[in-house]
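Labels run A, B, C and D following the written order; every chain starts at residue 1.
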Amino acid sequence: MTTTESGSPAPVSGTFPVTDEEIAARVKALESLLIDKGVTSELAVDKIAEMYEREVGPHLGAAVVARAWTDPEFKQRLLDDATEACREMGIGGMQGEDMVVIENTGDVHNAIVCTLCSCYPWPTLGLPPNWYKAPAYRARMVKEPRTVLREEFGVDLPEQTEIRIWDTSAEVRYWVLPQRPPGTEDMTEEQLRELVSRDSMIGVGLVAAPA
Amino acid sequence: MNGVHDLGGMEGLGAVDPPAQEPVFYNDWERRTFAMFIPFVLSGANLDMFRHGIERLHPVQYLTGRYYEHWLHTFESNLVAKGVISEEELEQRTQHYLEHPDEAMPDGGDADQAEHYLKIYEAGASTRRETSNETPAFGVGDRVRVKNIHPSGHTRCARYVRGKEGVVTEVYDAFVFPDTNSKEQGEDPARVYNVEFDSTELWGSGNAERHKVLFDLWEPYLEAA
Amino acid sequence: MNGVHDLGGMEGLGAVDPPAQEPVFYNDWERRTFAMFIPFVLSGANLDMFRHGIERLHPVQYLTGRYYEHWLHTFESNLVAKGVISEEELEQRTQHYLEHPDEAMPDGGDADQAEHYLKIYEAGASTRRETSNETPAFGVGDRVRVKNIHPSGHTRCARYVRGKEGVVTEVYDAFVFPDTNSKEQGEDPARVYNVEFDSTELWGSGNAERHKVLFDLWEPYLEAA
Amino acid sequence: MTTTESGSPAPVSGTFPVTDEEIAARVKALESLLIDKGVTSELAVDKIAEMYEREVGPHLGAAVVARAWTDPEFKQRLLDDATEACREMGIGGMQGEDMVVIENTGDVHNAIVCTLCSCYPWPTLGLPPNWYKAPAYRARMVKEPRTVLREEFGVDLPEQTEIRIWDTSAEVRYWVLPQRPPGTEDMTEEQLRELVSRDSMIGVGLVAAPA
């Protein structure tokens, strides 16, 4: 217990959130110490950050989905062993060492969450959005997913659709193969990629038919 | 530990409120913090220590903290605990950068090191391991119960599944066991099972919604139902 | 609700750190807030609404708030919800007192009213009720299990006892049922039982300590074990 | 989600704890509105606050304990029906409508907690101390009471002593009849009262023998 100005005891000392200035300075302090130890550098920081800013992102997962939609044999390989199937396309790496892809159908809707932290398949979806890592989604998605999907993401599923929520609690990284929308029969794999959103591979969005 | 990070089923946390768009990193310090993960591991830490360092934050710091602020704090606390850096030098440098916020980092860098780090991201660092326990204790379709355990350290056995029964849907290989690895007490690889729980088992038959939750559990967390 | 207020067994909250001495009230606003409870109830609220108003605070406000700050917020939110006061007048007056922090309250008062309030404190306001259900469902020595319920509203069935088995040690009379009373859906009096739980049942056999926890439970929370 | 100055999303908006100035102003705002409605007054506030500042407090519980130590028949009545026995001494009221007293012995140590809020027997112990109402005590006392008693209150119980923690989850208000220390055989009821601390009636303290 600490006390506030008026004397009333407060259960926690300090002011929250911590200021941006302090966070920024602490980050530089730590990085500079690690540079001194020879385990990082400005160059390494830039290269790593740029990798996830420019190269790795949900366009990779979208490419996998588009191929699965257009190549039944690839789709089967993807559902059998997603890690291996993605590797065929040169996709893989950190936080995707053991991936499993789960298929949405007319009867079953899947979505992913990590209630304990923020596990997510980086190689195909990129780094997770902040709402995925924040408390509200993590808390609610395992108890009231239908409400979360409807109220927060505008996905209003039919009552008879079974909802399956994959809580990524170990080192397997799940992600969703969304349903191919009707009216896309004539589209090429390249065109289909453009339709596939990050949210549809998390399971909080559907792939809309082209307008 | 029974900490605030163990969020499954908690109420009162407000809306999800997803923005239409957001950048990969919002600012310079988020970028820098993200890029410190490999240097952190190469300084002798591991992924489970990383996670437990975040879980040990005070609940208020956890709930008010920006996401990469959690990363910063677990880097700090683990590296200080390991003696890689000291509280004092961290405070001194922080003070320095507070007074000189625009000062650049030491310049340059080792191109080979940067390349090496990128290759780690590309290759991944699987925690899947060979196991001497060749026969899984449970098979697909088996009914299992999650043990009622409340370890004070790191665990991936969330409170909301403890004591609950489900059905094994998948038997995976062995993976590094977080409860021991987080304490540097060994990798103790153990098999992981995907277990399907009915929402009525987790939240009672009065829950407003009905669905399934699929949860991955290491063998030591489970017993036959 | 599965809220942050439901603290039994949580870790990471730090030391208890009891001071050697402390005053009954630390300052003027604590005194004033304490004294608003009877006016609050006489404005049409009840004890369970009071408690649930505190539970509905955002977890960060709950964990950083001073104790009587919780009271202030539940008074405010309940009285606004009941239409006794409006958000607007509350904000206007707050602004006024922020600008005139030393301005005294309207003077005087009704001596009979003050006396009447003191008498309420002296007499108490029991929530014990006659029950039409004359035969208790459980008797002393019966093994009972707490139902696995997760109501979104107010409940006194704490998470850490849900699904757990214990032994009835005492059968009390009926008391107003918090789950309905907090929603103004009626007092629905139900019997209360004191139930003894072994710490191994609550926290697993690996818990570092062994003891008993005695917990009072309304009949609708229980089933035969 | 809100954003901080540097743009990083923070899960909660606002700064915590709220300032003392704001709390004090909000309290006055609410009280003034209730005065306008005619349901309170400065006089009522003062009378009520003074009642718990000057009249009701742990000295009342101590008087009950001292009597139980010196009057075996009263002690039996106290253990049979604490509410009624306290009423004999003119003690009772709000938050003590249904009291139960539990006796500490050489074999069993009892203590009270309220994990869900801050329930406490006001008529005999007064208003609860802040640590009793704060998160740490409430969280830890039902899981590791022996450690809490030893580390936080200096009460180091023998390993063979059974610990019984009463979580005040309904409207019964429990409190503890502490053990009478040895060496007090010649003391009067009035002298004994002075020995009994609030903490010993919560169960986080023992009554020490007079020096």
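As a working rule, contacts are C-beta pairs under 8 Å (C-beta built on N, C-alpha and C of every residue); 3 or more make two chains touch, one makes a residue touch a chain.
Only a predicted model underlies this, so the values are computations on that prediction, with no experimental measurement involved.
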Selected pair, greater C-beta contact count between A-B and B-D: A-B
CA centre of chain B versus CA centre of chain C: separation in Å? 34
Using mean C-alpha positions as chain centres, tell me how far chain B is from chain D in Å, no decimals. 39
Taking each chain's centre as its mean C-alpha position, how far apart are chain A and chain B in Å? 15
Distance in whole angstrom between the CA centres of chain A and chain D is 48
Could you list the positions in chain A whose residues touch two or more of the other chains? 1, 4, 6, 8-12, 16-17, 23-24, 130-131, 134-136, 143
What positions in chain C touch 2 or more of the other chains? 2, 9-11, 13-14, 17, 19, 22, 27, 29, 58, 60, 63-67, 69, 150, 203, 207-208
If every chain is a node and every touching pair an edge, decide which shape results: line, ring, star, complete or other. complete
Of all residues in chain C, which touch chain D in the complex? 5-11, 13-19, 22, 24-25, 27-29, 31-36, 38-39, 42-43, 51, 54, 58, 60-61, 63-67, 69, 72, 75-76, 79, 84-85, 89-90, 92-98, 101, 103, 105-111, 113-115, 117-118, 120-128, 156, 158, 160, 172, 175-176, 192, 194, 199, 202-203, 207-209, 211-218
Residues of chain D touching chain B in their complex? 1, 3-4, 6-12, 16, 143
Complex interface listing, chain C residues touching chain A: 2, 13, 17, 19, 22, 26-27, 29-30, 60, 63-69, 150
Listed in rising order, the residues of chain A that touch chain B in the complex are 12, 16-18, 21-37, 39-49, 51-53, 57, 92-98, 115-118, 123, 126-127, 129-131, 133-140, 142-148, 151-153, 162-172, 174, 204
Quick check: in the complex, which residue numbers of chain B touch chain C? 1-4, 9-14, 55-60, 63-64, 147-152, 159, 163, 201, 203-204, 206-208
